[in-house]
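In the two complexes that follow, subunit A is the common piece, with subunit B as its partner first and subunit C second.
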Partner chain A sequence: MTVSPQSTIQQELVDFLHSRTKKVWEEDTDLFASGGLSSLFAMEIVVHLEKTYDVSVRGKDLRLDNFRTVTSMATLVRRLQGAGDAGE
Partner chain B sequence: MQQPSEQTAREPRRHHLAVLGAGVMGASIATLAAGHGVPVTLIDVDDAKLAAAESRIAGEIRLAQLMGALPDDVVEATVTPGGRLADAAGATAVVEAVTEDADIKAKVLSEVSALVEPGTVLVSNTSSIPIDELASAACRPADVVGTHFMNPPYLIRTVEVIRGARTGERAMASIRSLLDALRRQPVVVRDAPGFVTSRVLHPMINDAARVVQEGTATVEDVDALMEGCLGHPTGPLRTADLIGIDNLVDSLRVLHERTGDPGCLPCDLLLEKARAGDTGRKSGRGFYVYQGETS
Partner chain C sequence: MSDEYADAAAAVTALVAGRAGDWDLAGLIPEPLLRELGATGRLCATVPAEYGGPGWSSLAGGQFTAHVGSLCSSLRSVMTSQGMAAWTVERLGTAAQRRAYLPRLTSGELAAVGFSEPLAGSDLSAIGTTIRSEGGMLVVDGHKVWVTAAHYADLLVVFGRYGEGAAAVVIPADAPGVRVRRVADPMGCRAAGHAEVILEGVRLPADHLLGGDGLSLPLLVTTALAYGRISVAWGCVGILRGCLAAVASHVVSRRQFGEPLASHQLVARHVAELYVAEQTATRACEHASRCWDEGTPDMVGATVLAKHVGAVQAARGAATAVQVMASAGAQDGHVVARAHRDAKLMEIIEGSNEMCELMLAQHALATLEGS
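And now, the complex of A and B:
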């Protein structure tokens, strides 16, 4: 499977979050901290990532910590796409 | 071998829950049970509703996992759909989650109580109808107890349990055992219209809507004040969208009829939204718009 570059995924996620929440989110902001997004929206993000990057989030990967920031989500997507330890 | 886990002691599979009504609450109670290893039969006369509930439950199980709300050491149980009340026959507990209408709930309880083994606890998940009123419809009023699960029940641990005047010890023991298997924390209260949570919350939401109706503040500002100044977790109007504005109107009417409190008479803005079908998160629009969000 093709592994998307980290920076591309991050930019796409920032754009997605902006279009859906009308707010600008930094790549390392905790999206679910107080005053942030709801758990229902978290689930929507999971479904969006699965559809957009053709990955499946299962088992132990399905936990909120993997979705707290744009960076952590992009890292998870790359791992599920089969990125090696060597990086890009 | 490991020590017997806490879950082994709970033995979720010795319970078998029949849930009546595959609406928002029925489906999410099924999610809660299945996710804790308790097998469920989900019953509704409407095939389309049952089909919709199946995919809804699959999504909710994932949401519950995402939020760390399901135990790691439990194998998920299955939810079996059923089209007839008779499918509840083998259950160890029955939860009715049909429309918040006293006549409909009484009819369902009356019929199901004739189908199950005597002594099977019959749980009404009503948000405001007095339990003793519903118990009169059942063959054995002692088997009837109330629970008021908050939405979503798989994320909210505390459950209001209502002991009616005729609710028996055996029914109380059954509901405690079931809620323990579901890792919920019961708070038992006496029977009254709206019990505690609805009696306090629903007139407050009605007032929040009235404040918007009178032009004092916007929807967003009412919620921002109630959250920021008073520590309400989601804001009353966002909570209204989660409850369902149609359900809220039904509940306020029940409260008004039974308490005479004019503060419980649903305000025009709530009535308008219910009439227009803007019932909240489940319809995609209420006080807020939920564009494409999983409901």
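And now, the complex of A and C:
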């Protein structure tokens, strides 16, 4: 599987978050800190990553730390693109 | 697909054979029937074919769920539990765990999922069940309540605290330290096998753990409940269809004041309200299931919306149906009497009306704020 460049993923995620929340999020802002986003939104992000990057975010990757910032999500996506099935 | 769906719907109608009222009164569905249906894979019809499931889309599975719900909400509740257990294994399990458990869930074994506890209902962050590693084994202690289908289940999928985060475990119902006690006389879905599950020092091999270290409890629970919610939502569509069918046949055959009930405008309005309820719930479910099938992030909010719309419409619609049927439906076991009790529980289960409203308000504010 092709691994997308980190910067491309990060820009796309910033755009996605803006389109969904109408707010501007920095790449290292904690999305789930107080006043941030809900666990329902965390699941939306999981579904978005799966659909957009053709990866499968399963079991052991459902750590909130993986979704805490744009940077950590992009890192997760790149790892999953390189590693194949995350469930193995 | 359409033939396969029609066959499945006809087969389950024949299997139920008009006995839903008897099951409601007895508080039990014959277990061989559940296993027979389970062995077709249709208790969890969205499980992919590679694991022995029918591999239906969310939309096809939803239509089937609604059909079962129109016949018997207790049976539909068992389906919801089985499907949610399978979905949890699919989402949280490793490939090896999917291969180990999913074929069992599509070949006749039954499963239930435990979330609620005496001190953790809507607030699942208060879950006290613990899972810990000890000498290469897992040890589980806890107390789950209102576990749908647990009375029938071979496998219990249980959520608990694990290390710094949370995980789920698959527990054989006959493992030492597991006690399952049926809820006496539940108000609705009386034959769905609701039970409390008491876990005392239950020891399991390490590979029964779904997920891993440091997972987020809210994210795990949200993921598992998403399936439960879309399934309950379609089940509510079924409740409304069952009511609509009973009412439609009654109002044209029953005559009062020299004419069919349907000719009385106040009765006709009830029929219209019931039809609006059924159509509204159906559209909300179709939209949510299409989001599931397309894998769009909108599925999350759309699922809560469908669950909430379905439950509220079903509760209101079932009450209307009892009103129209009057003495003809006012006996336990009758389709509208069951619907009235079953639908009320749908306003509580898988996120009460109030919890759904809080989530929908948060969702609306998060997407609209600053726009």
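Methods note: the second predicted complex is superposed on the first by the 82 of 88 C-alpha atoms of A that agree within 3 Å, B and C clash if a C-alpha of one lies under 4 Å from a C-alpha of the other, contacts with A are read in each partner's own complex, and residues count from 1 in each chain.
Just so we're on the same page, a contact is a pair of C-beta atoms (placed from the backbone, for glycine too) under 8 Å apart; a residue touches a chain by one contact, two chains touch by 3 or more.
Quick caveat, the model's predicted, so the values are computed rather than measured.
In this superposed model built on subunit A, subunit B and subunit C take up the same space, so to speak, and clash. Using the contact criterion defined above for the overlaid structures, shared-chain residue A:Leu40 touches subunit B and also reaches subunit C. After overlaying the two complexes on the shared chain, residue contacts for A:Leu64 are found with subunit B and with subunit C alike. Once chain A of one complex is fitted onto chain A of the other, the partner contacts of A:Lys22 are limited to subunit C, with no touch recorded for subunit B.
Which of subunit B and subunit C touches more residues of subunit A is settled by the count: it is C. Using the contact criterion defined above for the overlaid structures, shared-chain residue A:Lys51 touches subunit C, although it does not reach subunit B.
Superposing on chain A, the segment of subunit C with clashing C-alpha atoms against subunit B, chosen from 98-106, 170-178 or 278-286, turns out to be 170-178. Shared interface residues of subunit A, touching subunit B in one complex and subunit C in the other, are 20, 39-44, 46-47, 62-64, 67. Every residue of subunit A that touches subunit B in the complex is listed here, in rising order: 20, 39-44, 46-47, 62-64, 67.
Residues 59, 62-63, 65-68, 155, 281, 291-295 of subunit B are the ones touching subunit A in the complex.
Of all the residues in subunit C, the ones that touch subunit A in their complex are 91-96, 98, 165, 210-216, 218-223, 226, 294-301, 304, 359, 362-363, 366-371. On the side of subunit A, the complex with subunit C involves touching residues 20-23, 37-48, 50-51, 58-60, 62-65, 67, 85, 87-88.
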